[in-house]
Structure formats: structure tokens, C-alpha cells
């Protein structure tokens, strides 16, 4: 697994992973209309990266994507969510008040701040899950690098 | 009449869990565990919970990957047998059976399967769309009525990941 | 009966945690327990003959299953994966230090 | 009133920012964490006067009326817990600024610490079963990671044990919440309380047993204590102080008090169960502590013993018992945190935790020696220090309740406590200087400052016990004595 998998797997992974990502984004954006939401969408996006990492080998993944990028995304997503919650105090006087207009039901832009929350959570979950996956899979690699 | 399928699914889950507990090879245990998880996702679909089913499937795949990383890191592939095995198993089984009997009597007091009370949820169902504008009522609860829980949940994920970073550091203390 | 079967699953997990000597088997026991609780919560909210709690445009009055336990279970699933990630990290680290997953050999502390 | 969400927003926000910015410079995270905890330590005192006028604050998250949305409840008991948690947390952070220099990844440490703090504040403020569970998990997961923060073999092992037990406890609690939801259809504690009033049956006792086992595991009451003596000594010293001083109380004792007194309502069987478990852990923890030669391990067993004393006081259920128990909760936080910080300072300077390798340290480390003497005397219940009053009140409560045997046992355990703390003093701080300890220096000033502050709290709470009792403790006692009347207060307000 060290140098990735066979050519067939790589080609298919390169072909499939953008579609998985698009599907994840769809799941996040339509969380208030259909089943799904920030959590599953975030995990789906992360799993697209996981697929790429597994098929191309962890060394290449480590060179291209430092885990810090993912963890910055995670902190930023969490902050977005917290700021949205606090804005409720500013605009309506209550923590977690859904302060945006509700809009027309069944449309993409409706339900106040719910879609924004979903985006924040999606960022957070996607970044976080991928970051922890990278650390887990790179754990031995780093160990070896320092031990030798 | 979805109940028969549900009983079949839960039986499959129990069998899968027993296999996962008793099988000798760690990798087969992980795979049986994944069977349980997937059966759980199907059971969620049968019980009209598509949101949970999606989440369960994606999370299950990820859990499978994580567990396989953990299994492949060690050179031990088989389970360990300890001393006093039969005695410990006997005592534990006795304890578990007593617990089960007590639970069986207690759980009989619950409202029958398929007719929840919905003291509070009735209002979510009736007014959820009007009050929050979200057609998906689960999302409306998750991000509006009980958004504070979701903040906590996001924080838990953040905490666990931060914790994993902390635990996986190579050097904990600085050399003097 | 349905509830009791969920509890049986729970007990299998508990049994696994109590009896097994392998760190990863203990982790699997915890995962089984989490599954059982999630299943139990959804079972509690199931309503016979009702549909999933998503309002569709123009549909008449239909009866929905209880959405609240579903919201709780999403949270519980995420807590489960978070716990799993941390505990697997701990396991890998313990293996790194002791070169074994055997809990009977990992006994520096007296408990 | 609008200040209430700040107890979660400040630590959460600063945790996210510390993690985001901490990788650049260590001082930034020092300053941020200290500032955040300082604000939090002042905040509860600002709420004392408004609360005494109003009696109870109910904050509705997102403006949803209680049974439908989540509500935060601030009453006397929560305020007492908030004061304890945030005060100890501030001093522990102050101590960490110097102490944690030995460790790598300090910003991660601060992040986890602040998340743990947010979790505990969330637990004591929550008025909702599931929300309580969620915040309990935040605090618990942060503490698992913090126990293993040094990534040495023993620490990892202790953390693994702790995490397995803690996860089982969490699952038990969640299952019980599921049972409660299925039975009542609600998750709001006050609402559940009104629905359950007067009901009895197998199911309710079953869910009570699950709650007791789950929270008992978190509080390390005797049959469930196995993880504590490993986990608490393994953590870095300020974390040990937080875990022993605050965490087991916020997650374990507080939750038991809130759920059993205010939601289910106390009855005589429950009171006996609490008293028996309490007495068991008090005696068992004390006897095991006597055998220990590891400084921090001794303190950890002593925590089990003191938690037992608190449960005993709560179990006897009358005014003096509860007052004593709550006062002891406060006192134990102050002196156990102090003693753990002392042990950390000793370890920082000498590099060992073995009592037999120390000796004569009070000459080399005057601040540590003096404050540890105060802490030891206080925990053994020597007048006029604060430990004396709380033990006296608990014994008075036991005598009023007619449990003379338990009262005598409490006095004997008190003597036992004195015995093992004298052992600590004799081996570590008095006598002649141990071998190889000639060059030992006093700990850095910030560490000394927080130890001295805790020692002052110990003395101050002993001398001014009456105003503390009237202003902070009595509202808390009233909350517990009102029992299920809590429901009407929350829902009516």
C-alpha cells in the first residue's frame, strides 16, 4: 500500500473522487430540504480525499496536503458556527436565534441561517475527519523518519 | 408490514456482533463489525430515518478504514486467550444474564413498539416547517430547535481530533 | 421484544468489553454498545405506518415518525466516530510503546 | 441573564482561536488562555447578587419555550459549581503557564483545557438531559486526551483504561436517557420531572440504576473507582488538580444530585444506596491511600475517600448533611487542587513522585512546603481551616438523621486522613534532605502564586465560613431541598 495501488485503481479514483465531492456538496447544500446535512456531507467530502490518499499512497498525499490545511479548515468551520450562534444575540437578543428571514419553504435559499450552519459544519467535519485520517495513517511514517 | 424485516435485521446484527466478539482473527472481527453497522443503516431506512441512514453509512465506511489501519499496524492477527478464561467467562455471563432478566422486566413497561408518545415532538411535526422554514424536520430540530446540541456535537468532534493530534505526537516532553 | 433485542446487542458489547484481553476487541465492544443505543433510540421513535419526517411540497396530511430521536442519533453517531478516532489513536500509541495489544501484558500500573 | 451563554462561548471561542493561532507563537496562547479563564473566574461572582434577587434564571436557547427548545438553568447549585470550576480552572491555567513549558504542543494543551472547561460549564448549566450528555462528553473526551498528554507508556495505558470505562459510562447514560425519553416523550429535565411525579415501576428504577452506574463511574464512587488511581496521577499536575478537584464533581456528583434530587425525587431507598456507596468509598479509599508511596497516587485515593464523604452527606438528606456535603465539595476542590499542584511543584523541582526519595523539602521549597502543610491540615479537618467545618456539618447531619454508626465511621476516617497526610508531610517536607536533592530550587513564581492563592482560599473559607454559607451555599441547599419543586420553578418562570 506504500506506493499506492495499481494503475486501474488510480485512474478510477481520479475519475470518481470529483463526483463524490460534488455529491458531498449537494448533500450539504440541500440539508434543509432532503435527507442529509452538514455532517454526512462533510464526511463524504473527506472520504473523497481518503480515497485519493489510499490509491495514490501516503507519501504523495503527505507532500501535497499538509494536515495543517485540513485542521485550519476545521477550526474555521467551528468558528463560523459559533459566530453564527453568537450573532443571534446581536440581532435578536438570544443565543442561537435563527435571525435571518425564513424565506419561502422548499427553496434552496430558505430556512434562515440553517444552510449557513450546514456549510460551517460541513467544512469543519470534512477538514477534521480528513486531518485525523491523515495523522492516523502517517503515524508510522513519521515514527520511522525520526527513528532511523 | 416492516416488522418482520426488522426482526430479521436485528437478528443479523446480533449474529454479526457475536461473530465479531468471538472470531479469532482481528480482521474478520472488523469485517463482521462492518456488517453490523451496515445492517444498522438498513434498519434505519426501514424505520423511516433516511438522514440517519446516510450518516451511518458514511461514518461506518470511515470507521472501517480507521479500524483496518489500527489492525494492520500490529503484527498480532489473532485474539488473545488469557488464564482463568472459563471462570471469568462464567462470572461475566452470569452477571450479564442477571442484568438481562432485570432489563427484560423493566423494558416491558415501555410504550409498545411502533407507537411513540411524541409529547414534545408533536409540535415539531406540526409547526416545524412554519417556524423554521426547513422542510427536513430533522434538520430543523438539529439546527434550530436544538442547535445548541449541534454546537456541542461539533465541539466533540473538534475535541476528539485535537486529542488525537495530542496523543499522536512523537515526543511529549521536551528534553532537558 | 424489539427493545429487548436492542438491549441484547448492548449486552453483547458489554460482555466483549468485560471479557476480552485485546485492546482492539475492547474497542469493538464499545462500538457495538454505541450501535445498540443508536438502534434503541430510533426504535423508540418509530411509528407504525408513518413516513420519514420530511415535508414534501403539496402533500396532504400524513403522519410522520418521531423526528427528535433521529436528531439525537445523528449527534450520537458523531460522538461515536469521535470517540473511535481518539481511542484508536490511543491504541496505536500503546502498541507503539508496548509492542503488543495484549492487556494482560500491559500492566505497568497497579490499578 | 444575558451573561449565561458566555460561560460556554468564551471557552469555546478561545479554544478554537488558540488552536488556530497557537502554532505561531506560544506566548499568544498563554495570554489568550489566561485572559479567557480570568474572565470566566470573575463572571460567576457578578451573578451572585442578581441571582439572590431572582432566585432562578432560565435562559431559552434560540427563544424556544422550555420543553421544545433547550434551556439553561442557573440556580444556587449551578452557581456554586460555576464558582468552583472557574476559580480552580483559572488558577490551574496560571500554574500551567510555567509548568507546561516542559511539554511540547502547548497550544493543543490550552485548547483541550478550555474545551474541558466549556464542557463542565455546559454540564452544570444545562436543563436538558441530552444536552447534559453532550457537554459531559466534551469534558470527558478532552480529559481522556489530557491524561495521555505526556505520551509516556504509563500515561497512555492509564488514559486507555480511563477512556474505556468512561465510554461505557457514557453509553449507559445515553441508554438511560433513551429510556426516559421513551417513557415521557420529553428531554427537558423539568418537564420530565412533572411527568414522572408520583410514578413508580421497574422501568424507572432500571433507568435510575443505569444513571447511578454511569455517573458513579464518572464520579469514581467505590465499586466503579478502578480508573481513577491510574488516570489522575498520570496527567500533568494542573490537569490532575482539575480532574480530582473539579471534573469528577461536575460530571459525577453534580449530575447525580441534579437528576436524583430534582428530577426523580429522593426516597429512602435511594438515600440508603447513596450513603452505603459513600461510606464504602470513604473507608476503602482511605485505607488504600494509606498504603501508597507515590505522592500523586496517594492523593488520587484520597479523592475517592473524600467523594465518598460528600455522597454520605448528600445521602443523609437533611439540611446539615447537604450543607456539609456542598461545602465539602467547595473545600475539596480548593485543597485537593492545592495538594496536586504541590505534588506537581515537587515533581517539577525534584523529578520524582516517590515519597521515600524525598525529604526535607520545606527548607528548599518554602512556598510549596507551607502551602502543602495548609492543604494537608485542611483536608484532615483541623480547625479553623475549611475542611473542619464541612466535616463537622456532615457529622451533624448524620447525627440528626440518627445514623450514629456512620457518624463514628466518618470521624474514624477523618483520623485516617490525618494519618496519611502526616505521612506525606513527614516523608516529603520534614526531616533531613533526601539524597541527591541538594540543588532543589523553589518552583517558578507563577506556580507559587497559584498555590498561595489556593492556600488563602483554604484559610479564608475556614475563617469566613459563615458568610460563604449564607451567600453561596444556602441557595444551593435550598435547590436540593426543594426536590421536584425545581420543575415548577423552571417551567413557571
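The first chain written gets the first letter, and so on, giving A, B, C and D; residue counts start at 1 in each chain.
The criterion applied here is as follows: a residue touches a chain if its C-beta (ideal position, glycine included) is under 8 Å from a C-beta of that chain, and two chains touch if they have at least 3 such contacts.
Computed from a predicted structure; not experimentally measured.
Peer 1: From subunit C, how many touching-chain steps at minimum until you land on subunit D?
Peer 2: Shortest path length, in steps: 1.
Peer 1: Between B-D and A-D, which chain pair is linked by the larger number of C-beta contacts?
Peer 2: B-D
Peer 1: Distance from the CA centroid of subunit B to that of subunit D, rounded to the nearest Å?
Peer 2: 30
Peer 1: Based only on mean CA positions, could you tell me how far subunit A sits from subunit D in angstrom?
Peer 2: The separation of the two C-alpha centroids amounts to 36 Å.
Peer 1: State, to the nearest whole Å, the distance from the C-alpha centre of subunit A to the C-alpha centre of subunit C.
Peer 2: One centre to the other, that is 22 Å.
Peer 1: Approximately how many whole Å separate the CA-defined centres of subunit B and subunit C?
Peer 2: 2
Peer 1: Among all residues of subunit D, which ones touch two or more of the remaining chains?
Peer 2: 12, 16, 19, 61-62, 130, 134, 137, 141, 144-145, 148, 151-152, 156, 159, 182, 187
Peer 1: What positions in subunit A touch 2 or more of the other chains?
Peer 2: Subunit A, residues with two or more chain partners: 34-35, 37, 39, 71, 75, 78, 82, 85, 95-96, 98, 105-106, 125, 129, 132, 135-136, 139, 143.
Peer 1: Could you tell me which residues belong to subunit C and also touch two or more other chains?
Peer 2: 3, 13-14, 44, 52, 54-55, 57, 68, 72, 74-75, 77-79, 81-83, 85-86, 88-93
Peer 1: Show which residues of subunit A lie in contact with subunit B when the two form their complex.
Peer 2: Per the touch definition, subunit A meets subunit B at residues 27, 31-37, 39-40, 43-44, 46-47, 50, 54, 71, 74-75, 77-78, 81-82, 85, 95-96, 98, 102-103, 105-106, 110-114, 117-118, 121, 124-125, 128-129, 131-133, 135-137, 139-140, 142-143, 146.
Peer 1: Within their complex, state which residues of subunit D touch subunit A.
Peer 2: Contacts found on subunit D: 2, 5, 9, 12-13, 16-17, 19-20, 23, 59-63.
Peer 1: Tell me, which parts of subunit B touch subunit C in their complex?
Peer 2: Those in contact with subunit C are residues 3, 6-7, 10-11, 13-14, 17-18, 20-21, 26, 29-30, 33, 36-37, 40, 43-44, 47-52, 55-56, 59, 62-63, 66-67, 69-71, 73-74, 76, 79-82, 88-89, 92-93, 95-96, 99-100, 103-104, 107, 110, 113-116, 118, 120-121, 124-125, 128-129, 135-138, 140-142, 146, 149-150, 152-153, 156-157, 159-161, 163-164, 167-168.
Peer 1: For a test of understanding, state which residues of subunit C touch subunit B in their complex under the given definition.
Peer 2: 1-9, 11-16, 18-22, 24-25, 27-29, 31-32, 35, 38-39, 42-48, 50-57, 64-68, 70-75, 77-86, 88-93, 95, 100-102, 104
Peer 1: Contact residues on subunit C for subunit A in the complex?
Peer 2: 52, 54-55, 57, 74, 77-78, 81, 85, 88-89, 92, 96
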